[in-house]
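Next come two complexes built around subunit A: one with subunit B, the other with subunit C.
Let's look at the complex of A and B:
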């Protein structure tokens, strides 16, 4: 049975992913032998509400970045459709695509790579204005100075004529954000914007993103591997594993009370400090993954400690609602099911615990 | 420089390529090959620039038409003719100077055209990929394996004497594939860089991405290849001229060699034979050394230890 959309009702979605799949093929030999099929996203369905900060959480290779690239249309999905404000944008071309570019923008992961070293800050930030033919070219500089101020690069005059190599990582990421918001997009995809930065910069970047949401009313899709960052920034989060949506719900609620073993494993993996006995440990991750069944079972089956072979290796789980607006894709996620309670204590990773 | 930068010169700062140029120049100067090549080129540059002087002093020093009325045969060097005269009494030294001018003209313009064409094709192929890339690269392969000299010889035999600019054009048309291969490889790697994705999200067209984002990053490589193309162009032109298919209205070093050969002075007039031969060797060598030094600048792996802090 193919995955069903999560049973969460979003009243006024700005963006809807409807059973979106993205499949990559590795190149085989000259006859196509040995080519492998890699499913980056498997029928992912999401509805993102207007004005919310929505987190896509998952480990490396979970498909969260692919989802972001599909949303900004750097790639096209192989199946399914993407709707922005009700309009299908899955296979837009030409003029309409150009129009889409000013409504949806992206902040990339690595600020050292996402700015062309040969282009000045002024020209980088003004590029979306130029390509989208917004405003008079004479107004561009004024607009650039404005957004540089917005992202906290001030005095902006000192930065406009610098080049990327003259800025620190945090400053570059601010420039990248300025470039993304200069066209006042309705939707901003931020792909791990702080993973390449020092921790001290991260909070500043988060606050800039929250400020962008506050000032411009933009919806933000925040892609991260860090539950801590998601907890700080996001209204709702979706947890993705191997291209499958595993759990979805309000950020604080999912993190405080995760229902899916994979979410629980992610929380276990978060470094903890302080009074360790108070922090729950779920212990849902198998230390040595078992072999996948090859049947249409639960995608997390190979690594799930709680899985039961007969059930989980053979049948794809259903969505189980868990609390308000929260749902998990697990056979054992029924609210009345006794399993899944955290064991207290023993969570310390510091001090040889 | 962009429009934006011009709007407010007060704020203008050094462009990264300016800074990079300063740094590259430092590396370049520390290379012995580069220094020798540069010195030799300077010498040839002086020769080319000086080629305008002798005809002004006396019409008999005109490299093509100036005949010394007192000597109507080849004579060894003298105070009046520093390198002697050729079979009809023309001054070899002024011919040698004119040859330097022609060598630069042929070498640089053919190389420039080849590099422009090769860069355009390479960037297009690398960026577009798929069928476009296959077609362009197979075309490049086909042209690359053609023997340039032989084909130009055949064409010359077909159409009679070729104008020097026709020769330049043909050299360019046969010499771009090597450049386009290198530029394509560079473009392929640049295409994967996130700033290209960022430009696409910013709404940049393919045209804009190629010329605004990729080209500035492949130009240094293109310039490097230009120096190697210059060498090839000069050698091809000299070969053509020596074989008698050069532009009869131009005094090039290859032409001089042909005159030595055709009038039977090959083994009797070393003062006539050696200077153009040595000049051809040295100018190609100097461009080659220049290219090697630039290679060192562009590829940090080739730099010697301690050259870069």
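Let's look at the complex of A and C:
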């Protein structure tokens, strides 16, 4: 049975992913043997509300970056459709595509690679204005100064004629954000914008993203593997595993009260820092994955401690709502099936004890 | 006697712009079987200290002052030839980018046997292979993958292989430089737990270098916070992270998102660290410090002991 969309109602969505799949083929050897079919996204359905900061959370290989690349149309989905403000953009071409590129922007992971080392900051940030033919070229510098100020590179005059190598990682990532917002996109996709940076810079980047949402009303899709970052930044999050949506809901609610064993495993694995008296240990992840019998069952079955072979390896789970806004794709997610109470907290793991 | 004591360590790099003092006046000790976390932003000198402990400073870097005493031997005074014997046998390092630390054109088994036989030439081929098999089991790598090439491994497996190599000669001290930055949360958690278990088993000292305070908080008993080449706060993990006293440590702790507690506002640290070329007369953090006063810029701060074992380099606490 194919996955159903999560039963969450989003009024006035800006972006809708309707059963979007992306399948990659590996090449194998020169005779084509050993070629494999890798399903990066399996019929992913999401609705993202206007002005929301939406988090896509998962391990590497979960398909979260693929989802981001499909949304900015760096790739086309193999199945399904993507709608921006109600218009189908799945297979846009030509002039319409150009317009879409302006409305949807991306901030990449690594600011050491996403900026051209030979182009000054001013030219780098002005480039999207030129390619999109926005405004009078004589006003571009003024506009560049404005956005540099927005991303906290002030005094902006000091930065415009510098080159990327003269900036720290945090400053570079701010330039990358400035480049993305200079064309005033309605939707911004940020793919792990802080994972290459020092932890001390992450807070700056988070605040700038929140500022962009506040000042420009942009919707932000934040792709991350860190639940702690998602909790701080996002209104809602979607947890993805092997291309399947596993759980969706308000960030704080999902993290405080996760229903899916995979979400629980991610929380277990996150280093606890700060006041952690109340952190429960769920212990839902098998240390050694078990053999999966086929493709029909739950994608998380091989690593799930709670799974029951007869049920979980054979039938794809249904969505189980936990309140009006949260839902988990698990056979055992109903409250009456005893999913709820985790082992009482082995609380603080502070200090290597 | 502590396993390792670092006394007044100063390290400089010769650059085209002048001498860059990457590490200045760093003191710390480490007991056998305990772990110390060095945290700080990039450029604060934490990796330089790790490299100095291994005797692997780049050609333009030099220990200008101070001693690194490991089990009674001053590593800073040894010749390159003597260091070669100490390296890997007494001190081993888990390098930052595990992806790049393995030789891509040699089978993993071969690389590991080579490392062991360099230090223990008396071992035969069979014995060497037996040792490597033991190491594989120790770090949880499947024996079937022993003769694979590194590219056939996943990121987590490469990291495990690197840890196995570091353990190969049963060193007294392991330096782990950002061992999990490139890894996923789930794999990271496994590796951290494994490292802790191995430390308990072999009673070695570990110096854990990272910019991620949540990781060091989880693994280490003692913490040293570094800023701009100096240690600015040191103490037990609880002291440093639960009741930080240096303004920089406080800022670090407050700029870190957590899973629990109130979703409080994070307070980013404004500004950038100072340039380490030239002379900095006063406190190095004063330009970014909310509490700085006029004299902070002029006079070097002094160490204050705020609780037993909890020391802070700041005159304001």
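Here is the rule we use: the second predicted complex is superposed on the first by the 336 of 353 C-alpha atoms of A that agree within 3 Å, B and C clash if a C-alpha of one lies under 4 Å from a C-alpha of the other, contacts with A are read in each partner's own complex, and residues count from 1 in each chain.
The rule is simple: a contact is a pair of C-beta atoms (placed from the backbone, for glycine too) under 8 Å apart; a residue touches a chain by one contact, two chains touch by 3 or more.
In this text the structure is predicted, and so the values were computed from the model without any measurement.
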For this session: Using the touch definition from the top, say if A:225 reaches subunit B (first), subunit C (second), both or neither.
Result: second
For this session: For A:206, decide between first (touching subunit B), second (touching subunit C), both and neither.
Result: second
Exercise. Who does A:215 touch here: subunit B (first), subunit C (second), both, or neither?
Worked result: neither
Problem set entry | First, second, both or neither for A:74, with subunit B first and subunit C second | first
For this session: Please work out whether A:154 is in contact with subunit B alone, subunit C alone, both, or neither, and reply first, second, both or neither.
Result: neither
Exercise. So, A:96: does it touch subunit B (first), subunit C (second), both, or neither?
Worked result: neither
For this session: Going by the contact rule at the top, pick out the subunit A residues touching subunit B in the complex.
Result: 69, 72, 74, 98, 101-102, 105-106, 108-110, 113-120, 122-123, 126-128, 131-132, 137-138, 140-141, 144, 157, 160-163, 165, 176, 179-180
For this session: Show which residues of subunit B lie in contact with subunit A when the two form their complex.
Result: 2-5, 7-8, 11-13, 15-17, 193-195, 197-205, 208, 212-213, 216-217
Exercise. Along subunit C, where are the residues that touch subunit A in the complex?
Worked result: 35, 41-42, 155, 184-190, 192, 196, 211-215, 217-221, 236-238, 241-242, 251-253, 255-261, 263, 266-269, 272
Seminar exercise, completed: Touching subunit C in the complex, subunit A uses residues 59-60, 168-169, 171, 198-204, 206-207, 225-229, 231-233, 252, 255, 265-276, 278-279, 285, 287, 349-353
